[in-house]
Structure formats: C-alpha cells, structure tokens
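In what comes next, subunit A is part of two complexes: it sits with subunit B in the first one and with subunit C in the second one.
And now, the complex of A and B:
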C-alpha cells in the first residue's frame, strides 16, 4: 500500500534552490534511503515532507494532500522527524527518564509503560534512566533521540542523517531499532552519508547538487555503472580512482570490477564533465628520526572516569596511522594529549626522541604538529586567505614566506580561485583542503586529523585521500587520522583500535585482512569489537 | 600579537550587527538617556482657586509658565479643583483662600494650600521645590522692598543632560566591556576553534592579553565617538579637567572589567550564557557605583560594598574631571584604587581562564 506520494517538490531559500522537482512514492513498511553529500538537498526534502519548511509542489500522505506546513499540521501526529546533529533535540540537564516525560507531555501522549520499557531496552538505555543526557556518549545520545522520535508510534519516520559521526557499533544498533519498528508497519525515510548503509534500504535516491540523479535498488544502481568500473587505481585526469576501483567513461585496458554504490557519484561527476584535480606534491626529504611520536602508557582520568587507560602508541616516519573506535572510546582524549592540549596524568610522551614534559616543551610540540579538527574549525568571519595569513603569522612566518606558501598550497590543493571567499561560501571539500593547507603552513613533521572527512562528499573524499597519500610518499609526513568511514581505514598503513579507553588492536591493515579473509573493513572492525568483550 | 589584533578587529567589523549595536550604545543610547531622563518639571498642568482676588495672586500665578508649566487654569472653588486633580486633568492645585490673602496683607504668616498629584513622585517632588521657590521669592518681596535673588545651588534643568549622558556612558562601557571581552573568548568555544587557538605555538598569556587589548581598543574608540559626538557635540558638556586623565581612568577601568569578563568567559560555553551572566553581574555593579543614586543616600553596608566596585571610582573620577576640573594629583586616589581593583580582578580572571589554556 502506498502511504506517501511526492509530486514535483521544490524547496528554495531566497534565491538559493535547495532541491528541485523531486518525485517519489513510499510504500508501507518500506525504507527509502536518501544518499548524497552535505548540501545536496536531502535535508530540505525531508523537512518539507515533515511539514517544517515551506515548499512548492504537493505531498500526499495516505490520501491527504498538503502544500504547506500549515496544511501538514493535520498529519503531524503520524509523522516523526529526527533532525540532523548528534543529540540535537536533547537537553543536557534532563535525565533519560525526564526526556521521556517531557516528550510525552509535548506530544500529548498517554504513558504506555510497556512500550516505553521496550524502547529503552532496545536502545540499551534501560539501566541508564537516571543519567543526564549530557553524560551520555555520542552513540547513546543518538539512540535516545531515535527512541524519543518513536515515542508517538509514528507511521512515517523521517531520520535526517541519524548515523553521521556515529561509530559503526552504534550505527548497527540504530538500524536494529529501525528494522524492528518497520516490522510493525512503520515506513521510513532515512538520509545517510555512509554508502555501506545503502544495502539496508529497500530503495535509494541519490542526491547531488539539488537534484535526484538516480533512483532504484542498490543492485539496480550498481548495474547501471558496471561498464565504467575497473579494478585498481590509476593516475589520470579523465578517471576517478577510489577504494581499489577506477571509474572511467572511456574504455580502459583494465579488468572490469564489481562497482560499489560510491561509484555512482564518480560516474555522475564524470558525466557532468567534472575532472579529478591532479595534485602534485613535490618530493622533499625531511630529516627526522624513524620514530616521530612515541607514547608510553598514556592515561587520562576525568574524576572517576578513565578516558584512556595506559595506551601505547608509536607513529613512524612516513606512516598513515588510523585511530578507530566507538564514540567515547577515548580517541579524542588521546589526540588531545598527544597535541599537548590536555596534561598527561600518567605515562610518557616523546616527540622526535625528546620527552615532552613542561609547558615550554608543549609549546615546542605545538610548532611541530599540524592539526585539522572535526568540521574544519576555522574562522568563519575571515576569508580563506586571511585565515591562512593569520595561521602563518601565529607561526612566525615572514610576510614573504607567507605569500609564497599560500600561493604554493592554494595551487597544489586546487583552491586558488576561492582565496577571497569566506569558508561558508565554498563547498565542504574546499574547506577540507584549505584547512589541511593551514595545518601544513609551518611545515610540521606530523599531521593529526580528527574526522577530516565527516560530511564531505565522496568525490572530494577521494581527492583528499589521494592528497594525504602524496604528502606521505613525497614529503615523508606522518599522519594520525580518525574516521568513522571504515572503508577509509583501507588507506591506512596501520590501525589502532580503542575500546573504552583501552587499546585492543594495533596492527597493519594487510595483516588484519589476512587474519579475517574475505571481509571488508567494517565487518572486521565489528568482529574485533565483539571479540573483545 | 599583531596577528591576533588584526584577526579580532576583522572579526568584530565583519559582525555588522555587533558593530551597529556598539555604535548605538555609544551614540544614540547616551543621547536618549541625556535627553529623555528628566527629573525637572515639564508641562505640568496647574490649577488654582482665587478667593481673595488681589493682584499678588495674579503675579504669583504669572511665574508658572512654559516650558515647566502649562498655562494655569482658574477654578471656581476648591471642590472642582480637587475633582480635576482626581481625574488627572490637573497635577498641581494651589488654593489662595481668604485666610491666605488676609494674612498676607496683614503681614502674618500666610499659609498656602498646595494640592499635588504625586503619582510621578520625582516629578512632583521637584515641582514642589519650584513652587516653594516661587513663593519664597514673593514672601521676601512683600516684606522687604529690596528684591532678593534666590541663588540656585543645584540647577536640575541644566545639569541632568550632562550628568545623565555621562552616567549612561559609564553603564554602557561596563556592559560592552563585559560582553565584548567575554565574547572574543566564548566565540572560539562556540565555533569550535578553541583547540586551534590553543595549538598555536604562542604562550597562553599572550593570547589572552592580545585578545583583551583588541577589545579594549575598540572600547576606547567607542568612548572617543561617544564623548566627541554626544557629550561634547550634542550636549555641549564643559570639561574643566584634562581629557587625558579621563582616557587613563577609562583604560584602567576597561582592564578591571576585563578581569570580570574573563571569569564570565571561563564559565560560559555559549554567547547566550555570556549575555545572561553579563546582566546578572552588570546590574549590581551599576547600583553599587552611584551612577543613578548618590552613594550618600545608601545604607552604610551598601556604601561599604561600593568600595569594591570599579565603577564607583570611574564615575567619581569622571565627574571630577568633567565638572570639578580636578588635576592629576587630586585624582591620584581614584587612579590608585582603580589600578588596584583592575590588578586584582584581572589576576582572578586570568587565573580562571588560564586553566583552560
């Protein structure tokens, strides 16, 4: 049975068109996935259907047609929307139980003890009903947001990127909850940035720059690009290469490969006439010892809570080390200790063979490290050029050096034309590359990247990884990176996996593949986590 | 250092809303305060009953004129006058009854009945003083032929503009100082650039100092605009002392306020929290300073508390510089006290925010 029909839906904010002419239908018990990068129009479409933004076109829900948020009021008790952002709907100073009371009253619902207990148990929050939302980990917050959205027993659940920034474990749990509710007759619209989740959807819509570029089941979509997919990765300005595959419109003398969904975006970009940017990183030898960073039994406590429990870590010259783990596993705390942002409670830290102990040592440490933080935190009121100038000056570069470096990196990373724009005005992929440039201005020997690819579209991510590998190969820079995209772990030389502040794996990626043959990295990761209960 | 200053200036001037707000506070807000807050009688409606019908009465009445008073209205009897006051048609009623006229003519103590609607208490009070002054003049006039001029030691009409605009300026500096300085730190927290800031290979103390200095300089520019455009320009306030002394005390005061702002910055996570805390902290500071109520009118305990308010010394010094023309040596106690408070508050704030570095 068809429960939702969307006809020619368009949303625009002022002159900016967010999404144009979307058409689709949704059946009962069906999960329709919206896939695409930030700003592709997924959120606008979801919000329009939920009746929270005005739109053009028509939405028909179970025979009731609406054209504006006002008309949508009537059906709002059957639709539940969970907006984007980790635990954005939560109040830090309310406990889990109080959230239930509050949302129940807000929605004017009667207390249904049995149903609420079931929701809490599904989310694994039954034992934590007295805990304040502010003290929950990212994954738990997201699960709480989800069960709160399920509280009014919606017939149609709308989830806007519920899994972005959530670790693979919590992601799997979120999906379990959605699937269980679906069995009881609920339909869902879910947007995601993770291609690996596409297989969990019944049908998919791919969004790109305010348009739906493809519709169908994952299998159908993959089928369409079969002819353009080849094995291996090559250097070419005609083709995109990512994750052991090359996508090209022109025939290549290579073996054909089974495409992944990510390929649809590359093929679409190629069809639009887009070319990969070629990044040339000049060869340079830096004279550093074989071991750049060495951490011995680093421990950090926050009161009773042990964020990191005696973690050893070694970063070798010219190595990409992936730091993986669930939300709250201690990754960020570890990075902050390595960066000199947190004092170390116990353990020893060596940089380039020198022990980092005093405040002065830490200042010296800072001048040798490049750091790109989550969401590329840069100054939004300064243009890209002014941002770079500021960082250069803070690192005591002369004006001449600054000018040369900005010229060099903007050319190398391909953001020359955006130098006088504000960070807000440019695509996320550009922001990503220019914050990397900002981190490289002072020629650090090591780069720390904290989820640098979150929310960035597939094409830009592939360019970014290519860039990282070139930096490693040609400049000998060591890189420590955290990510929730398990497919990206394939690009690391070695991975360290943390669980509840303890290191459970420290091994080369190829060794892990040998140990768990035939699995992709996401599966390996989930397996490792389960083995270390 | 210069990099931080440049960055903070760029950030400030690109926040058009903030710039407009600061400009408003330093110009229009002070102008409105100077113009608008008036405790002098203005267009007071006046009514009278004249039972004696002698020339003196008309003479007295003729002194109630615009702009302080409306043209006095004659009522037939006391009852109708009272009714008019009750209905708010008339604010002040004066009854010249027969007894008054007789006593006046025979040189006995003449009692005049004045009815006043004191809903607007301050206005009524001042109006009463006016009436007393006018009558006093006549009392003397009648008894002795020589006219006695009443020397007004305090002329509210002329002084409020100057006094009020300066008081408002001080309050605005307090508020903007707290907000601007706290916001340069909290903005970094809100935008997630805090870690990036800490990662600069520069000492934390330098970052803190440069950030505060950038905002203090903006405040100084604002003070210059306010003093030039409004205090001197629109209100023609005289300055009897040296303007540089005023800048010096303003500078010291900014750092005292900066210390408090650092504490706010250390405990706030969002700019909204800064706004809340600023109001909670700003109001007692202003009440304890004597900006709106003279310190001598406060209870001894409150007076004691006011010694700890940096605003107290700032206001007293400023009034002395502008109105009394005190020189540097006379102002030294104020400078000393302000400096001491600035050092203490700044130290506390620095320690508090320093823990985050």
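And now, the complex of A and C:
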C-alpha cells in the first residue's frame, strides 16, 4: 500500500532553489534512503514532507493531500522528524529523563515503561538518565534525539542523517530497532552519509544539486558504475581514489573491482565534469621534537563518573593517530585535556617537549596547535568569510595572507560558493569543512581534529584525507583525529581505542590487520570491543 | 488547547530558567534598575534661570550671590521683588528657581538661619538635579542647612520629595523592558539552538506554544511587582495612597503587554543577541521618554503628546502615579479608561503575536 506520494515538490529559500520537482512514492513498511552530496537538497525534501518548511507541489499522506506547513498540521501526530545536527532538538539543561517527560507530554503519550527502557538501553543511555543533555557526548546526544523521535511510535519516521557521529555498535542497534518497528507497519525516510547503511535500505534516491538524479536499490545503483571502478588507489587528476578503490571514466590499466555505493558519488562527480581537487602542500621542514604529545596516565572525573581513566598517549612527529571508541568513551574529553580546555585531574602532559602544568605553559604553544571541535565554535552572526577573517586576525595574519589562504582553502574544500552565507544556512558538511580551514589558517604543526568528517559527504571526505596525508608527508605535521568512519582508520598510522574511558588498544594499523587477517577495519573494531568486556 | 502540551513546555521552561541561572537576572535586573536609576538619575542642568531676593544685604549674602553667579549652572538675576511676585514668575515659567535670603540671615546664622529655595518641579528630574547643585553649593560652600521647597506646577506631585516622581515612573520602564526581553529570548533561543523543531514538527497549536511562552515571564515578573513595590515604599519612602489591588492588576496587564511585544520581537529575530538588543531598543526609548520621568506628558508639545499616547507606558504611568501619590483609583473615569486601553493593548499584542508567529522555517 502506498502511504506517501510526493508530486513536483520544490523548496526555495529566497532566490536560492533548494530542490525542484522531486517526485516519489513510499510504500507501507518501506525504508527509502536519501543520499547525495552536502547541500544537494535531502534536508529540504525531508523538511517539506514533515511540514516544517513552505513548499510548492503536493504531498499526499494516506490519501490526505497537503500543500503547506499549515495543511500538514493534521498529519503531524503520525510523523516524527529528527532534524540534522548533533542533538539539535535537545535542551542542554534538561536531563535525559526529563527529555522523555517533555516529549511524552508534548505528544500526549502514556508512559510505556517497557518501550522506553528498551529505547534507553539501545542508545546506551539507561545508566545516564539523570545526566544533563549538555553533558552528554556528541554521539550520545545524537542517539538521544533519535530515540526521542521513536518515542511516539510514528507511522512515518523521517530521519535526517541520524547516525552522524554515532559509533558502529550503536548504528547496528539502531537498524535493529528500525527494522522491528517497520514490522509493526512503520515506514521511514532516512538520509545518510554512511553508505554501508544506505545499502541496507529498500530503495535509494540520489540527490544532486536539488534534483533526484537516480533511483533504485543499492544494487541497481552500484551496477551502473561497475565499469568505472578499479582496485587500488592512484594519484591522478582525472580519477578519484578513496577507500582502496579508484573511479575513472576513462579506461585504466587496472583490475576492475566490485564497486561500493560510495563510488556512485565519485562517478556522478566525474560525469558532471568535476575533477579531484589538486591539493598542493609545499615541502617544508618544521623544527619540532620527535615526540609532539606525551600524556602519562591522564584522568578526568566528572563528579563520581570517570570519563578518562589513566590514559597514556603518544603522538610522534609526522604521524596520523586515530582515536577511536564508542560514543561516550572519552575521546573528546581526552582531546580537551590535551588542549587545556578541561583541567587535568591526574597525570602528566608534555606538549612539544615541554611539561605543561599551568595555563601559562600553553600560551606560546597556541600558534602551533590547530583544533577542530566536535561542536564547532563558529560565530553565528558572522558569515563564513567573516568567521575565517576573524580567526586569521586572532592569529595575526596580514590581510594579504588572509585573502590568499581563504581563497586557497575555500577552493580546496569546495565551499567557495558559501563564503557569504551564515553558518546556520549551510549544510553541516560545509560547516565542518570551513572549521577545518579555520584551524589550518595559522599553519599549525599539530592538529587535533574531533570528528572532522562526521556528516561530510564522501567526495569531500576523500579530498580531506588526501590533504591530511599531504600535510603529514610534506610538512611533517602530526595529527590526532577521531572518527566513527572505521574505513577512515585505514588512513591512520596508528590507532588508540578507548572503551569507557580506558585504553584497550594502542597499535599500528598494519599490525592489527595482521592480527585479524581478512577483516575490514569496522569488523576489527567490533571484535576488539567485544574482546575487551 | 491541550494542557499537557502547555504543561510540558512550562515544566521545561522553569527547569531551564532555574538551571541556567537566568532566574537570578530576572530578579536582579529590575531591582538594579530601580535602585540605580532611583538614586542615580541626575542630568546635568545648566543655566537655571535663578532669581535671588536678597533681604539681608550682608557680606555673607553677597558671597552667596557671588557663588551662584560664578557657575555655569545658574543664570542669576538679583531682583527686589516680593515673595509672591517671585512665586508668580516661577509658576508662569519665567524663572526656574528662586532663592530668598531672609533679612537677618547672617545674624541668625548660628542660631540656625534658613534660606528659602523654590525650584520649579514641573520637570521632576531636573528639579532634583538642581536641588542637588544648590545643596552642594550651600552646604559644602557655607555649611548652611536649608529647607528646599520644590514648587510644583503639577497638581498631584505637590509634596514632591526627590524620589516620589522618579520611582513610580521607573515601574513603567522596568515592566516594559524586562519581561519583553525575557519573552523574546526564551523563544528565540529555541530558534538559535534548533529546539524550535520540536514545535514545528509536533502537532502543537500556535496558541499552545505562545501561552506556554507567555506564562513563565508573566509569573516570574508578577513577583517582581511586589518586590519593586517594597523597594519603592520602604527604601525610597514613596507614599502609597491608592488601592493596592488596582496597582497590582494594572501592573499584571502591563507585563502582558510587554510580553506581547517580546513575542513580536521573537518573530523577526533569529539570534538571542539580536532579540535582546531589539526588544531593549524598542522598549527603553518610549519607556524613558514617555514615562513622565524626564518631563510630564502634559507639558509636551502636541506632536510628542500624541506620540506618548501611542505607547502604553503613558497610560500605565498615569495609573501608577495615581495609586502611589493621589489615590483616586477607579473613581477617576480617566483611570478606568486608561485601564481598559491597557487591556486592549495586551489582548491585541498577544493576539497579533499568536497570529504572526510562524510554525515553519523561514
């Protein structure tokens, strides 16, 4: 049975057209996935259907047609929307439990102890019901928003990148829950940046610049690009390489490979005449000690709760170190201690060979460190360009340098066209990119990146990693990075895995592959987590 | 309208305001404004037209006249007229102040001689300022104690002591500015953070949302009515001659007006900073200008007289001045009319806010 029919849906903000003439139908119990580059129009489509933005065209839900948010009011009690962004719908000063009370009352629901417990357990929040949302980790916030969207048992679930920043374990659990609710008759529209997730959906729609350019099952989409997919990675300005695959329109003397869904983006970009951005990082020798960061038994407590429990960490010159772990494992807390954003409760810290004891010790190191936080620190009242200029000024760059750098990075990361927009108006992925640009402006020698690629589309992620590797190889910059894309861990030299604040693994990636032969990194990660109960 | 929705929002709002410590500001700011402005409003007044009647003709009296003449604050004319004539000049706005030095002033000095000072009280604030100057000049210059009488052309403020005019006037300012900013902020915060999606995407009526957003600022500031009243009567010793119930009820209605303005502000702004700035700007200026603090509305020229009546603050102040200083209450039909006008304001503003508030992304 058809429960949703979308006809000629268009959304525009002022002059900017976000989507035009989108058409599709959704059957009962069906899960339809939206994929596409950042800013392609997935969110606008979801918002229009949820009735939170004005649109042109018609949406028919179970025979009821609506053409405006006002007309959509009637069906809102059957729909749940989870908008994009890390816990956007949460109130920082309300605890997890109070959020449940709020949403239950808002929807006039009766308390269903069993169901709520299940949701809380699935999200790993059962023990944290008294914790304020503002004190949850990024991924925990995301999961809380998600279970709140599930609370009213909607007939139509609309999720906008629900798993951004959610760890692999929870992502699997989320799918179990969605599948179960689907059995009870729920349908869902879900946008996602994780292609492994997209392949689990019944059907997919590929968005590009406001239009739907391909529809079909994951298999059908993959089928279309199999002629362009090769094994291995190469340096070329005609082809994209990412994740042990190379995508090229022209034939290559390489072995063909079985494509993954990620390839759809690259092939689409190539077909539109886009070329991989040439990233050039001048060779330079920076004068830094061999050990950039040395942390001995760092501990952080929040009241009784131990967020990081005696963690040792070493970051060497020219090394990319991946910091992995489930949501709430203590990654962000650890980085914040390294940066001095949280006081260190116990342990010793050396940065660039210098023992750090007080705030003063850090001042002269400021210009050598770049940081991208998980909840980015952008000024909402400034445009992206003004934000960058502000950061440049803070690091006393000359106006000429500033201009050159902004030009360079905006081109490199592909956010040129957004320079004059405000952070709120642009997709999450674009914000991520320019936060990274802001952290690079002053040419730091060490970068702390907290989930810089969460919510960023595949093509941009590949460019981003290319840049990181160039920074490392040509300039010897050291990078500490957290990510929930386990495939990205392959690009790290070494990984440190945290679980509930305790370090459980600290090893080179190639050693781990030797230890667990034949597994991809996501499988290795899940295995490690299981082994260390 | 469903109570569960309103209850949900109210509970959340109260927890939020208390935990994020906003509650401290809610109770600190009004009191601070009252005390700071109550004590501190002093404008610089220069060239006060001063008539000195010197009946003593002594060395001391000449010295006093000299002192008055040698500052920019006073334009002194020494005239030989009667007390009555002088008062007439004051009343017809030919002079701003009269200083009368009695005949045996210097002789009686040690017994406690007095100088009579009469100040035009039609601009209360200016009068208080002038009074301050005179006090400084005489007490600090000559160590003379003096009873100063501020002659008031405004019928009700007859026995104007310093704070009687200013403090009730500040009520109209405070209850216009503060509830409006709070209401605007608690709505815009949701827009800024993103939690507004909870309203957009759930089957919640606009009226439910608006009511849930009105109640917290309304309730919190209701308590402020009592707090400010106590400050006024105990700290500033302003007499209260009218009916407390009328004072309270009018203030509640007035707070609703302010909250209504806040809702309208929240519709056109999208960041908390902008909401705060805008709501303060559009309330402070009329709050100050037309409150009767700077000048009585009756003495305004025609244009500003009409303007003053566009802003609810002048109606409110009229009733508040009455309850504090006169006490006619609803026996005066003007007060009744003004009260009704205030009710209409409150209703229209809130209805407008409910109507205009968007339940969708702009």
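Observations on the model:
Methods note: the second predicted complex is superposed on the first by the 391 of 533 C-alpha atoms of A that agree within 3 Å, B and C clash if a C-alpha of one lies under 4 Å from a C-alpha of the other, contacts with A are read in each partner's own complex, and residues count from 1 in each chain.
Definition applied: contacts are C-beta pairs under 8 Å (C-beta built on N, C-alpha and C of every residue); 3 or more make two chains touch, one makes a residue touch a chain.
Keep in mind it's a predicted model, so treat the numbers as computed, not measured.
In the superposition on chain A, A:381 makes contact with both subunit B and subunit C. Residue contacts after overlaying the shared chain place A:371 against subunit B, while subunit C stays out of touching range. Of the two partner chains, neither subunit B nor subunit C is touched by A:408.
Touch criterion met: A:101 reaches subunit C, while subunit B stays clear of it. Judged by the number of subunit A residues each one touches, C leads among subunit B and subunit C. Contacts of A:62 after superposition on the shared chain: neither subunit B nor subunit C is touched.
Touch criterion met: A:50 reaches subunit C, while subunit B stays clear of it.
In the superposition on chain A, subunit A positions 380-381 are in contact with subunit B in one complex as well as with subunit C in the other.
On the side of subunit C, the complex with subunit A involves touching residues 2, 4-5, 7-9, 11-12, 15-16, 19-20, 192-195, 197-198, 200-204, 270-271, 273-274, 359-361.
Partner subunit A is touched in their complex by these residues of subunit B: 2-4, 6-7, 10-11, 14-15, 191-193, 195-196, 198-203.
Interface residues of subunit A facing subunit B in the complex, by the touch rule stated above, are 336, 339-341, 363-364, 366-367, 369, 371, 373-375, 377-382, 386, 389-391, 393-395, 442. Those residues of subunit A that touch subunit C in the shared complex are 47, 50-54, 69-70, 73, 76-77, 79-81, 83, 85, 88-94, 98, 101-108, 132, 380-381, 424.
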